[in-house]
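Order as written gives the chain letters A, B and C; numbering starts at 1 within each chain.
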Amino acid sequence: MDVIIQIIASGLTLGAMYAVATIGLSLVYGSLNMLNMAHGALLTLGGYICYATITHLGLHPALALIAAALVCAFAGLIIYVFATLPLLRAENFETNIFIATIGIGAIIENLMLKSFGPYPIPQPLGISGQVVIGNVHIPVQNILILVTALILMAAVAFLLQKTRAGRAIRATAMHREAGQLVGVRVGQVYAQVLALSGALAAVSGVMISSIATLTPVMGGDPMLKAFIVCVVAGLGNVYGAVVAAIALGVLEAATQYVFGVRWSFATLLLIVILVLIWRPYGLFGRQQVVRL
Amino acid sequence: MTEVRRDIIIGLICLLVALLVPVVLGGRYIVTQATVFFVWAIVVVQWNLVLGIGGIFSLAQMALFATGAYATAMLGFYLKVPMLIAIPLGGLITVMASIVIGLACLRLRGPYVALLTLAIAQVMYVLIVNDTACFTNVSGCLPLFGGVRGIGQFGDLGLRALFPSKWYVAHYYVALALLAVALTFSIIVIRGPLGLAFKALRDSPGYALSRGISRFKYQLWIFGVSAFFTGIAGGFYAVHFRVVGPTVFSFSLLLSLIAMIVVGGMGSIWGPLLGAALLMLADEGMKEFSEYRNIGLGLLVTLFVIAWPRGLAGWFERLQTLK
Amino acid sequence: MAEPALMLNGVKAGYAGRIVLQSADLAVGKSELTAIIGPNGHGKSTLLKVISGIVRVSAGEISLAGTRIDGLRPDQIVEKGVIHVPQGDLLFSGLTIHENLLMGAYRTREARSIAERLERVFSLLPKLKDRRNQVAGTLSGGERRMCGIGRGLMAGGDLLMLDEPSLGLAPIVIDQIYEVIFDLRRAGLTILIVEENAQRIMDEADRIHLLDNGRFAWSGEGSELMARPEIIEAYLGA
């Protein structure tokens, strides 16, 4: 029983972090068919900005989190202006933006490496203390992460479902030209999506580094898992991604317990491949009918 | 026919120059660096086939390279297979691995392929690095795949014994021969029926499909056959350096290979080779700035994709049309 | 003819190296129903896309009530009151009818005028009201067309451009759709309609233009066209 509580508790925390990391990725893919390989680097950037503003500028942790989100939103805008926008006008957008963002990710990560060094740094944003359920001790930090993630997801859902801007994001994702015809300034929507995705990446980077540590390469693993979540849910399906993220988080906690940390990633991947053989467009994805 | 003739002429000139390098320049450092260049050139040329011609978003090329290298090393270390046999065997094992990966991935759409192949490479890396259990204790504890330190002492081609002072020149010529074969193969693919099939699939997918050109079948073909040369390159790499470790999975290596393809020109015959040569030279020339290497590579990749998506090969084509 | 609501002067346009519109001149009168007919693939849809800014003009001028609009972004052109209901509707298939209609009024921010337009669209197309919460991707062809026209009307523009409103519909549904279009015209809206089915609009249109191979080959009133059966036969094969 205690084991199950433990698995669920750590699985939910993991899943919530993956969900926040995934939403942005999924939103960007859903809106522009852009696979943002720099997403992991944005995560890292967010973590370091939070750290730097707390330790060097003495900012309040909540303000530091907002600062990190703003900086990464800005980074998302820069990616939009300098990479996405010119590439959208040319052919082969999907391949080219994919390769370009690999390059951008490398630039950001290595800038972090130059500025903060290769050694792990603890994230100063954290709360000590534990909650005891049965015989299981759950750190307050984990609960805080879970709550923050839930609030964030609810806010994103509200934005997408209930606001004019959110409706425009969804509509443009469904049909770009139709969006233009009803007067949506498509470029603006894309810029908003990339900025939002950057801000979400920053928050998830802060969360992840607050229970692990900050390193310049810390973004790689969560990004890969976020990709896996996206793939399982069906690329671009934001709500499916949240469900899949939490499911994978719990699954990862369980496989870590059963098979040990070493095999957890391999097990996840195996499951993903099986899912994709069963449903090549993801669990919640629909096959796009391509007219020839 | 003129295009093929041009390819043959360029190829022969390059080959001639390469044959003369050890004789004319001769320095050990240059020859060894050029040998390494040949290895990466093989990988890049084959990756270009997969990415630029086959349209497969594969990030598994380094995993395939590693498969070849590890298979060769392990055959030599555990089964005492002589390297002359182990390297081609490694190539075949790589082909089998690529077919398994291909069957799992190639029915999916582009970006899914990229993500899955990246994840597969990462899983291989994690499994090798996190393995600490001793598999043998012959000469100290060694995990099955060598763990973090990798596998060594699995024999070599025998060229070191044959030419004790000039073995590196011998390796140079072996690598050159491998590259020549790999490149010839890539020219045949690009100019031949397979290249035509992919061109048809790209230009008019519906008609191509209705004429019985199956994208999946051809993609699996190109993925599998290019894996053979990639695996052989891996095997030679292992033999040349006498050790193979998990560093072949490193991101900066992946990045520099992508940069070679992108700078040279994805999908062209000579572009990736040119890109590989230029970037290796740039690496040599800017050794003092090596801490900025990855930032520079990232900038190069981004800049080229955005400004000149067809790379240097695209420049040359434009020059030709101007004439 | 009254002062033209829309003027095209020597407009040339096309896609990636292929010129579709050679040199199009056109005047659309205010509150008139103007029809463009012509065989398939001769630039009718491109003409509308050029006006709404989706396809760029490579030469010539387009002006709306005297001001030039060529070169503007599609959203700016919508802002000026040009509505383009595209061929095949292009609905936002994952949104409900209600959300699709709200997207139609995207440029309008006042809740009151949005509510008024919604009321008007619902009274004109009552079927949409019954199905307002249904997802657009699950609608029938006729309902989709109504939703597309309704979405266009939500923008509250002065010029309505319809691209083949009868395409792919059953005759009885086509009648319903045209009923609505004629209602709108009676209410004073300027309408530019692209239609392959010339008979359908010959007697209602104020002016008919025949687009052939990227140029206007003939212009006149509907009754004139009816008197020239050889044109109909040569160009439209009917």
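In this text, contacts are C-beta pairs under 8 Å (C-beta built on N, C-alpha and C of every residue); 3 or more make two chains touch, one makes a residue touch a chain.
Quick caveat, the model's predicted, so the values are computed rather than measured.
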Chains contacting each of chain B and chain C, listed by label: A
By count of C-beta pairs in contact, the leading pair of chains: A-B
Chain located farthest away, centre of chain A as origin (C-alpha): C
Most central chain, judged by mean C-alpha position against the global CA mean: A
Centre-of-Cα separation between chain C and chain B, whole angstrom: 55
Whole-Å separation of chain centres (CA-atom averages), chain A against chain C: 42
Inter-centroid spacing, chain B versus chain A (mean Cα positions, whole Å): 32
Residues of chain A that touch chain B when the two form their complex: 29, 35, 82-83, 86-87, 90-92, 94-96, 98-100, 102-107, 109-111, 114, 217, 220, 224, 227-228, 230-231, 235, 261-262, 265-266, 269, 272-273, 276-277, 280-281, 290, 292
Touching residues (chain side chain C, partner chain A) in the complex: 52-54, 73-75, 78-79, 84, 86, 90-95, 99, 102-104, 106-107, 109, 151, 155
Contact set on chain A toward chain C in their complex: 164, 167-168, 170-171, 174-175, 177-186
Chain B to chain A touching residues, read off their complex: 57, 104, 107-112, 114-116, 118-120, 122-123, 126-127, 130-131, 205-206, 209, 251-252, 255, 258-259, 262, 291-292, 294-295, 297-303, 305-307, 309
